[in-house]
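So that you can tell them apart, the chains are marked A, B, C and D in the order they are listed, and the count of residues begins at 1 in each.
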Amino acid sequence: MGADGNDIPLSAAQIPADDFADMRRENLARWPTGTEVDLDEAIEFHQSLPKHKQLGWVMRKAAAEGRCLTQPRGGFGTLELQLELMRALDGDGMADIVPTTTDSYTRNEQWSQADVGIEESKKEGRSMLNGFPMVNYGPKQTRKLIEAINKPAIVLSGTAMPRLTCEIGFAAGFTGYLGSGIAYTTSYTKDTSIAEGIRNYQYLDRLAVLYQEKGIDLHRRQPGFLTGTNVPPCIAIAVGVLDALLAAGQGVRNYGLELGQTLHLIQDAAAIQVCGELAHEYLAAAGFEDMFLPVTSLHWMGAWPQDEAQCAALVSYGGTLAAIGGAVSVTTKSTHESYGIPTPNANAEGLRTTRMAIYMARHIRLNELPEFQAEADLIRRETRPIIDRVLEMGDGDAALGAVRALEAGALDIPWSPNRFVQSRVMPARDLDGYLRVYDPGEMVFDPDVAEIHTERLMRRAEAEGVPYDQNLAVTSVYEISEPLDRLFPFPWGPE
Amino acid sequence: MGTKVVHTRGDITLVTGVIGADTHIVGNRILSMALEEAGFKVVALGALTPADEFIKAAIETAADGIMVSSLYGQGELDCRGFRELCIEAGLNDILLYVGGNLVVGKQDWADVEARYVDMGFDRAFANGTRVEEVIDTLDEDFAARAGGIA
Amino acid sequence: MGADGNDIPLSAAQIPADDFADMRRENLARWPTGTEVDLDEAIEFHQSLPKHKQLGWVMRKAAAEGRCLTQPRGGFGTLELQLELMRALDGDGMADIVPTTTDSYTRNEQWSQADVGIEESKKEGRSMLNGFPMVNYGPKQTRKLIEAINKPAIVLSGTAMPRLTCEIGFAAGFTGYLGSGIAYTTSYTKDTSIAEGIRNYQYLDRLAVLYQEKGIDLHRRQPGFLTGTNVPPCIAIAVGVLDALLAAGQGVRNYGLELGQTLHLIQDAAAIQVCGELAHEYLAAAGFEDMFLPVTSLHWMGAWPQDEAQCAALVSYGGTLAAIGGAVSVTTKSTHESYGIPTPNANAEGLRTTRMAIYMARHIRLNELPEFQAEADLIRRETRPIIDRVLEMGDGDAALGAVRALEAGALDIPWSPNRFVQSRVMPARDLDGYLRVYDPGEMVFDPDVAEIHTERLMRRAEAEGVPYDQNLAVTSVYEISEPLDRLFPFPWGPE
Amino acid sequence: MGTKVVHTRGDITLVTGVIGADTHIVGNRILSMALEEAGFKVVALGALTPADEFIKAAIETAADGIMVSSLYGQGELDCRGFRELCIEAGLNDILLYVGGNLVVGKQDWADVEARYVDMGFDRAFANGTRVEEVIDTLDEDFAARAGGIA
């Protein structure tokens, strides 16, 4: 039998300790640096970290104090560049949480290609990789990153194959880890089955629980942004809750949920509110009463404009939306977003702009606004039936339910590259700036809810004088990236 | 614009896909949809497509052009030797376009374009390119080929 | 008798036509370019302008369509530089309203010094003046500015002495003019009496009415920002309403009111709402039923931080606040604000950032939020007694009332340089980010209103562990300009 | 910092004001308040103060220093010849500070500072200067003068 755990039937149940030990042994043998992982030594290192460098503690504290923390993304192809970047994000950027994004070869476990990328980067004197190849460097070298900063650090690795990277990351001293089986598999892979992705993240979650059992309160986090492209709150929240159920099944208790911003102040605030609510509700119903489930808001995840001045508004508003929504942290972008990976300087500027925006809006809450309440209610009415249906299809098991529901399209992800996902759902923006569902694909909404979406989008088509068709969705992909003279011109001439 | 060769589009087969370990499918899908709607025959390979799969599909469908998307920054590594692979496979004249975010970070576009042209691409398109522009350029290039030696 | 009108007893009544003709003759003789002013020719020129270049029409249209227009500030010392600037603001900046700020010598009618400034600017190849010396160039030359752009243009000239500048500006083809007797005299002068400032602006308003009588719908506007330094809404609105009464007295019907942002989303939205309300209420009560009274919101008028990334958030939030508040236009600043007059490029960027922020927030309204309603109610309860008291002190005459109330401190302006103003009122920010009144000076608030202010500021002193003293006001002057590491640091160590 | 000369502050008279047609009083008023609180004798002329009024006040009060504020950008014109005016009036050694936004626009500070030092100011202070720093520097300069030839 292989020790990758793929012969155990898929379920949301915890991986038994001895099976997991076998799985780890086999996993760590896949690349030389795997042998450097020493769990006891790693736990000692984590214990030696001051509280303010432990993301689990920092997230709990921020939630308790009603703060909104800032966190950028960032990864470069060599240790030297990555050290410099993380110091800049910690220092100049004043990031509350410092990231290490891995490169795409690492995400796809193409470590020999990553080796080439490191060499090429050194040769060219600039990063040829889009992130830091953590596995190639191994835990000892990678730990230098943790030592170089004075904040907690998180691994960002958009992949369905996190098994070795998470071993290296936690052993190096990262106290946070982003990623989940449903979200990443549906949005970052083409040929990976949902089951396989779920298993891989069950490994990651199970590993976090090994640390947890020794008293290390790691922060696990779910990437609710999915394909980042006009994902309506109901889909993001449903996937978030399902991924949280899977993590809780492995024993995780400190689990963050992310939501990409829709850029509608009220819809985003309502989404953050309902996300927290429903997560607690479903987790408690499944017997997990003691979960810490903070919500993170993400700067616009769709296409950005090229004009940096226009981008500055997206960056700043991203802080405003997160603060007003009551998110516990916000993940930032920069004015370079549409071009490419930002320089450390542009990245740090994005952090500071966001931070100032949070400062100014930190007192504002919209929960008592009738429009907020109506939208929150709508999101609840959209989301509950989706989750209920998935659990029903899985006979109560979130893992099985997710696989079956995605296959059937009862749960669907817009613009997904994965062939095990229908990806027929088509979101579009309505006349009031809310993200709505133009075509639900095979997803079933209550008739009165579906009616609202259709009516709102028809109103837009009418107002714009365009047909009520799929182009409403395509133009909504471009919308925010349009240059201002097309998006929002001076309206009255010259004729 | 709109070179008057629209009638030939139906004879032209284009292979589209996102090269390497790159999962950014949105722009590539919108482009594929638009090319199809404009009348081209489109063979869409989707995200995460290795270089050799482009070539294989191009041979199998006797394609006239390959439209390579790369967004994630590592395209410069993925696209090296792409033209050579085509030539080895006997696709000597096939039209090669590449588009997206072709390098890591914000770099001077003229420089980036030159790098890709050096690699053997007929044209490189910067981020922000709209489908209308791609279609116009395809029409121009195929018109030139029809009138030229091809 | 002198024809400056200073021998007519001060009142809010309209200047009689023949007196005004004398006043104009004397005024225009004060500097050679005055003789170039030809009212009939000017009116013809205004009539020839397309609607979209007429600010009166554009403001009405924006209000009717619920739009928030953008307008920067900007002036350079030579015609060539000013042409380039206005083209950049119109083009790159996409400004809906294009400004010409005059220089400080012009504002102080030191035209010979302005001449020197023009020469120096030409010699040095950079602007040595902080604005455009419109009077020195005269109406014919200045009209080139109007012809160079495709938007309406407004004169910005912070002064208590606008008489000649307004003649030149309107004759050149400007269709908007900012400035008012109470606001500018109290915040831009030291030795000018309030009466004199009011008279000077009565001249300006009366001149606008000459154009109006010929069918030219000029937009007059009041600068509610005053000293720009933590001016609470009640003071800004009270002054705005009084200045509006004075303008209406001369016959003006298209009159905008400006409000500097407090940077509190709810306070600003409530202030904009109440400003419009009370303006209509008091103007109607005085018999002016047909006034168009749009409100303009101004980007933060106090001290800015030096960090451009931090400034970007102020710029962007400035658009958000204006859009959500329902302002008809917003006056923008740039990331260069703390350093000096922005380059055309930085100015245009500030416009685009603001424009994008407006685009994203254009659907949002907070009017049904209970906290908004409470704040709006508070502002009403603060403001009405101030205006009532001023009118009472003037025996129903706004001009006399303003002079007497400012002298007595019953109406007071924080941080005023003018010696006819008490300037004892001391505003400070409370714990929830609202601007409150720490020390009302001689201003009288209803006891329950005063109690709210005191209680809120005491809560802040307590929370910050500082004494309840004037330093609350001084730190509030610095607050927004503080570097982020002082303003809003990572809160938990390293110790 | 905090040079130990605090006891002499009461003997030192400083004239403050905002030069020229400049109405920016806030920073100047906060500065004047802080100097007074720190123990200096302060003669505050307020906003919109012509150069010769500074000199007149300095003579009348036998001041030891003049603190010129300029915010509105035209300080470069207003401050020309200020040291010469002092010398003409017999105020040969008077300490001259200037602070605020000393030029039009965002310019290189070292360059701006040099221009004002050339004009005869002992020190120039950039926008964003906090009063604590001003007081420390005054203490240093007066301590140096007390220990030196002055």
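The rule we apply is simple: a contact is a pair of C-beta atoms (placed from the backbone, for glycine too) under 8 Å apart; a residue touches a chain by one contact, two chains touch by 3 or more.
Everything numeric here is computed off the predicted structure, so don't read it as measured data.
Colleague: Once the contact rule is applied, which chains count as partners of both chain C and chain D?
Modeller: Chains touching both chain C and chain D: none.
Colleague: Report, in whole Å, the distance between the mean C-alpha point of chain A and the mean C-alpha point of chain B.
Modeller: 31
Colleague: List the centre-to-centre spacing of chain A and chain D in whole Å, with centres computed as mean CA coordinates.
Modeller: 55
Colleague: What whole-Å value do you get for the distance between chain B and chain D if each is reduced to the mean of its CA atoms?
Modeller: Result: the chain centres lie 66 Å from each other.
Colleague: Please report how many Å separate the Cα centroid of chain A from that of chain C, as a whole number.
Modeller: Chain centroid spacing, chain A to chain C, equals 45 Å.
Colleague: Could you list each pair of chains that touch, in label order?
Modeller: Listed in label order, the chain pairs in contact are A-B, A-C, C-D.
Colleague: Which chain C residues qualify as touching chain A in the complex?
Modeller: 50-52, 58, 61, 65, 67, 94, 96, 150-151, 263-266, 305, 307-310, 312-317, 319-320, 324, 348-364, 366, 368-371, 432-433, 484-485, 487-495
Colleague: In the complex formed with chain C, which residues of chain D make contact?
Modeller: For this pair, the touching residues of chain D are 18, 20-23, 25-27, 29-30, 33, 46-48, 72-74, 76-77, 101, 103-107, 127-128, 130.
Colleague: Would you mind writing out the residues of chain C in touch with chain D in their complex?
Modeller: Of all residues in chain C, those touching chain D are 103-105, 107-108, 110, 113, 116-117, 120, 126-130, 158, 187-191, 227, 229, 303, 306, 336, 338-343, 346, 415-417, 419, 474, 477-478, 481.
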